[in-house]
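Dropping the structures in below, format is structure tokens.
Shared between the two complexes below is chain A, which pairs with chain B and chain C, respectively.
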Partner chain A sequence: MQWTLQYEETWLHRLNPAFKLVFFLSLFLTLLFVHNPNVMSNLTFVPFILVLFATGHRRIVIALLLIPFLLLFFSSASSMMFFGQGSTTWWRWGIVHITEESFFRGLHIGFRALNFALLGLLFALTTRPVFLFYSLIQQLKVPPRFAYSFMAAVRILPVMVEEFQQLRAALLIRGVKKKKGLRRVTQSIMLYAVPLLSQSIRRAHRIAVAMEAKQFNNKERTYYYKQTFSKVDIYFVLYIIAGFCLSYWIGYTFPYFEITDVRN
Partner chain B sequence: MKVGVSNLRVKYAGAKTLLFNNLSLQVEEGEKVLFLGPSGCGKSTLLQILSGLIPNAVPVPMKADQVKTPESSGVVFQDPDSQFCMPYVDEEMAFVLENRAIPQPEMKKLICLYLHKVGLSFSDPHVEISSLSQGMKQRLAIASMLALEPDVIFLDEPTALLDPEGTTEVWNTIKQINEKQTMIIVEHKIDEVIHFVDRIVLFDSKGKMIADADPKSVFSFYKPKLKEYGIWYPGVWDEHRKENNLPAPYVKGQQLMVINQLQGYRGKTPKIEVSDAIAHEGEWIVVTGKNGAGKSSFLLSLMNVMKTTGTKSVRGQLKTIKASREQLAFVFQNPEFQFITNSVYDELAYSLEMMDDRNVAEKVKNWLEAYDLHHVQNLHPYQLSTGQKRRLSVGTSLFGDQPVLLLDEPTFGQDASNTFKLLDLFEQLRSKGMLIIMVTHDEMVVQNYATREWVIHEGKLIEDRKLERREEEERYAVDSTI
Partner chain C sequence: MKRLKLSDILITIVIALVFGIIYKLWGPVYAILKPFGLHVGDVIYGMWFIAGTVAILLLRKPGVALLAETAAASGEFLVGSEYGLSVLLYGIVQGLGTELMFALFGYKRYTAFVAALGGIAAAVGSLVMDAAYGYVMDLALWNLLLLIGARLLGGFLIAGILAYFLVEALEKTGVTTLIRPASDEDYKALDQ
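The block that comes next holds the complex of A and B.
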């Protein structure tokens, strides 16, 4: 079965993975301190443009992946809008109470969630796990034994999905009588977790022994892939900085919303 | 002495007795030694001790006066799917070179060199390991082991989970390795190795060494032991045939299964297409074809687990999983996936209780005896041996009086005695009129048991041939009366 997505390599793939990880984490933090909905909505376009045009994946894949993110946007925005507090009431119906303040706060939260999600997607679509772990070892000095264990674990995942499908077919054929209510949940957990876990634990043990048999140890080692910094990293930082500046400038010069700080 | 132990004692956690009691063994430089014995006799454990994996990587309590392990050892294990930690061929090979601290600029060349040694020549070795066949994966495992430049090579049943084609592929590769290489081999299928090794060490079920000699002597003196231990030795099929007087020739039974324009889909892509086929009672149909040709999809389509179009009928149309289940007994390749209760007894009783059968106790008792599982009826299914698990999974699927038995590679990875036990069980069922449809790679099963072969190629049933063996026998019987 084909598990890997076909894509073309773009400049985003050539970013140093460890740097990308740290940089994205700091972007997440920074976004927490943006309180102007005008700026926040503009900022969403910064990763969105890259996701749309620079990941090297096919359009259809990206379109499919965006569906859950739109849901995320609406669900996080609406829950804040419907039940938040505020003084200027627009609409009230039972426990639903929409105020001007809660509406913009909801919109703001929605954009923030969307921003986080797009950044995460951007990272996931343009980073090969193997390169990330090599980079973590080389740039962030993560001990190789952890990094290689993670790489081995990533390899087990598709096997587990396949096993899950086989198991499902087997259980369908056996004709398991479904229990009702809560007991059905515990029943499914038992039926699926026990065989899948027992297979995975045994497999993990075998892989570990095989790795040791290949003389994997804590001694000095060399690396097949050398992860370095390049101009691309600078371009990326410049793009983000430019994006932030532009978002702030547009946000303050041509505001779409009257509210400039959702905390008030 | 290259490797060896003297007065070795090993004890596994929870075991009451010692696995080895004062075992001593020495292997000289350049020797090729084969360890033989029944499953569970500890030959793999001994191999891991000699390679240094036990106790360094796998902690097992052991004591010995002396253990001499090689300076560097290369080990190949049996499961092609759990030997690699990286997703691509070149990365996996590089992992070994990294461990040896080879400078990065030399790696590419070395990777190609070692891959070439095992006959895997890719123009660019950046190939996904998951896209390789099982035989190729094992050859990759050999290549990465060779990249360690090991003093001694250890092979722990390297072909146990391969089909006959892959087995030959792997042994041909191993035979091309340097003649002077010291090797220690554990293997159950010895057809291919027997002329390759200099020395055979035979163990009994308690881990006691009962023979240590050249292959020829071991063969002439210990053949009954080899048979008892379920080892696939050359000629084992001939003997089995002689002993068992293979069953009565096939007499055409009543029409049982009708397939018309059957197509099975995964998502929207058709995986299998069978335009029309009719099968009769008492037939043993083997479904053959390459890996991924659609053999398993065919069985899953019959069970309605896959989305299908067209029709199939056994005593009426089979349109739902439930209808299929009542007519077709399905035995999965991995028996563990079919188990849903916590004991062998409950496992057999489960489907009966679901159908509100009244004679559960009696029926289950009969089955326990029929499948030779009486003594383990209170164990958890996972605690059974591979042969017992397989028999239990046959038992659980045959709960009603289904007229058709579907089997997905049931003899795969089983030792000789388990395989024969299973085949005899299927033959018994067949002679009572059951229709058996069995996916298999094993040419010997096809030759010796099947009455008919369906060949599947790229998702289509392309050939339906009657197998002559039984009819020939029949003709022979007629001739001899003249």
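The block that comes next holds the complex of A and C.
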């Protein structure tokens, strides 16, 4: 969802957004049933290649966005590695108990988290939100009330950012001092969260009234953008299927790890 | 009275998107705390349930908690959450948890107690998703219990109590008169 970033449009941008969403969600569910770490690590490359080469964004942007992913990989993998159950002990130090089983299970979870993250990034980098909401209405029959509310709400966000800056400047001028510890939390709720939320609630209410005054309703309507399916949707599905087949084939023919099922 | 009007939906989604951005910013905070592994960091996980309780406490209509939590998760996803698509499914299940608690009380009670239950139920929802997603059942027992305890406490404190006080503070600004459906007491007040 990049309003300001410069990018070239690629074939991934031309996928039908609603189809992309449903397809990605089904990929997510499919990945939950992959228990072989060899296959899972191979599968990570399927979205990774697209993120690297096919989003049309600048390399530096991609690189910056990928940094938190490393952190994510370690944070997802670590608890299971250190505290998971297993019988073949590798290392024990106090409460930390690394076993062969828990280590590979941790690794597997890390790869899976990475996989989901890459798919999510791929989606976010190649989907224009407005097209997504139009597509949700047109292909998935989401009631326009919900989709248009979403689009209007997205437009309010920049106004809120502006308001936040204004608020901060006003507080600075009046010399409001930051409190310490837990009182800092209550202070920032009272000074920032309450005014920002109440203002945006009022604004949202006004917008809704205005929309209804202009006869916005759920009846038959025409659309400025028409979302359709095209050949690229088929290419994309073929790419994913090929990626899955290849990952399974490599995973079973040239395994890197001995463990083939991380469940107990 | 009970059906969601356009203004209800719009307000819910606006609030939810604000929280969606907080959700996104919360990701790195949580990821930094988590490698310490003892799951104490999971207390702050409760922040990820707060949209549902805040929205339903404000608007007091059925379906709002589910809508808010789902919308917040979509917002988080659209701004490029590092948890990717999984946040969408987590959001739906967590929202369902909160929604269920308010439904149990017939959408009639909007107290701190019900809000706390809603927060805890959302935490349960997230744990259910974790069980499918990350093999949490294969953690050593003491560690698993710590995870569950911290998660529930976080849901209770942040999504329950904190959310309740946030809404109470919002009530003082008068915005709630704009958005809540007229209650029986309001009609009684007219009769006098």
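To be clear about the criterion, the second predicted complex is superposed on the first by the 257 of 264 C-alpha atoms of A that agree within 3 Å, B and C clash if a C-alpha of one lies under 4 Å from a C-alpha of the other, contacts with A are read in each partner's own complex, and residues count from 1 in each chain.
Rule of thumb we're sticking to: a residue touches a chain if its C-beta (ideal position, glycine included) is under 8 Å from a C-beta of that chain, and two chains touch if they have at least 3 such contacts.
In this text the structure is predicted, and so the values were computed from the model without any measurement.
S.K.: Please determine, from the superposition on chain A, whether chain B and chain C clash or fit.
M.R.: Pair status: fit.
S.K.: Looking at the overlay, does A:H13 come into contact with chain B only (first), chain C only (second), both, or neither?
M.R.: A:H13 sits against neither chain B nor chain C.
S.K.: Would you mind checking which one, chain B or chain C, touches more residues on chain A?
M.R.: The partner with more contacted residues on chain A is C.
S.K.: Of the partners chain B and chain C, which touch A:S198 in the superposed model: first, second, both, neither?
M.R.: Both chain B and chain C are touched by A:S198.
S.K.: May I ask you to decide whether A:F216 touches chain B, chain C, both, or neither, giving the answer as first, second, both or neither?
M.R.: both
S.K.: At the Cα centre of chain A, what angle separates the centres of chain B and chain C, to the nearest 10 degrees?
M.R.: It is 70 degrees after superposition, to the nearest 10.
S.K.: Between chain B and chain C, what minimal C-alpha to C-alpha distance in angstrom results from the superposition?
M.R.: Distance of closest C-alpha approach: 7 Å.
S.K.: Identify the residues of chain A that lie in both the chain B contact region and the chain C contact region.
M.R.: Chain A residues touching both partners: 152, 154, 195, 198, 203, 207-209, 211-212, 216.
S.K.: Where on chain B is chain A touching in the complex?
M.R.: 51, 53, 56-58, 72-75, 77, 79, 81-88, 90-91, 94-104, 107, 128, 130, 144-145, 148, 300, 303, 305, 321-322, 324-325, 330, 332, 334, 336-340, 350-351, 354, 382, 396-397
S.K.: Using the touch definition up top, name the residues of chain A that touch chain B in the complex.
M.R.: Per the stated touch rule, the residues are 3-4, 130, 148, 151-152, 154-155, 158-159, 163, 166-167, 169-177, 191, 195, 198-199, 203, 206-217, 219-224, 226.
S.K.: Where on chain A does chain C make contact in their complex?
M.R.: Those in contact with chain C are residues 1, 24-25, 27-28, 32, 65, 68-69, 71-72, 74-76, 78-80, 82-85, 95-97, 102, 105, 109, 112-113, 116-121, 123-125, 129, 145-146, 149-150, 152-154, 156-157, 160, 189-190, 193-198, 200-205, 207-209, 211-212, 216, 262-264.
S.K.: Show me the residue ranges of chain C that touch chain A in the complex, using the header's touch definition.
M.R.: Residue positions touching the partner: 5-7, 9-18, 21, 27-28, 30-32, 34-35, 37-39, 58, 67, 71, 74, 77-89, 132-135, 138-140, 143, 147, 165-166, 169-170, 173, 175, 178-179.
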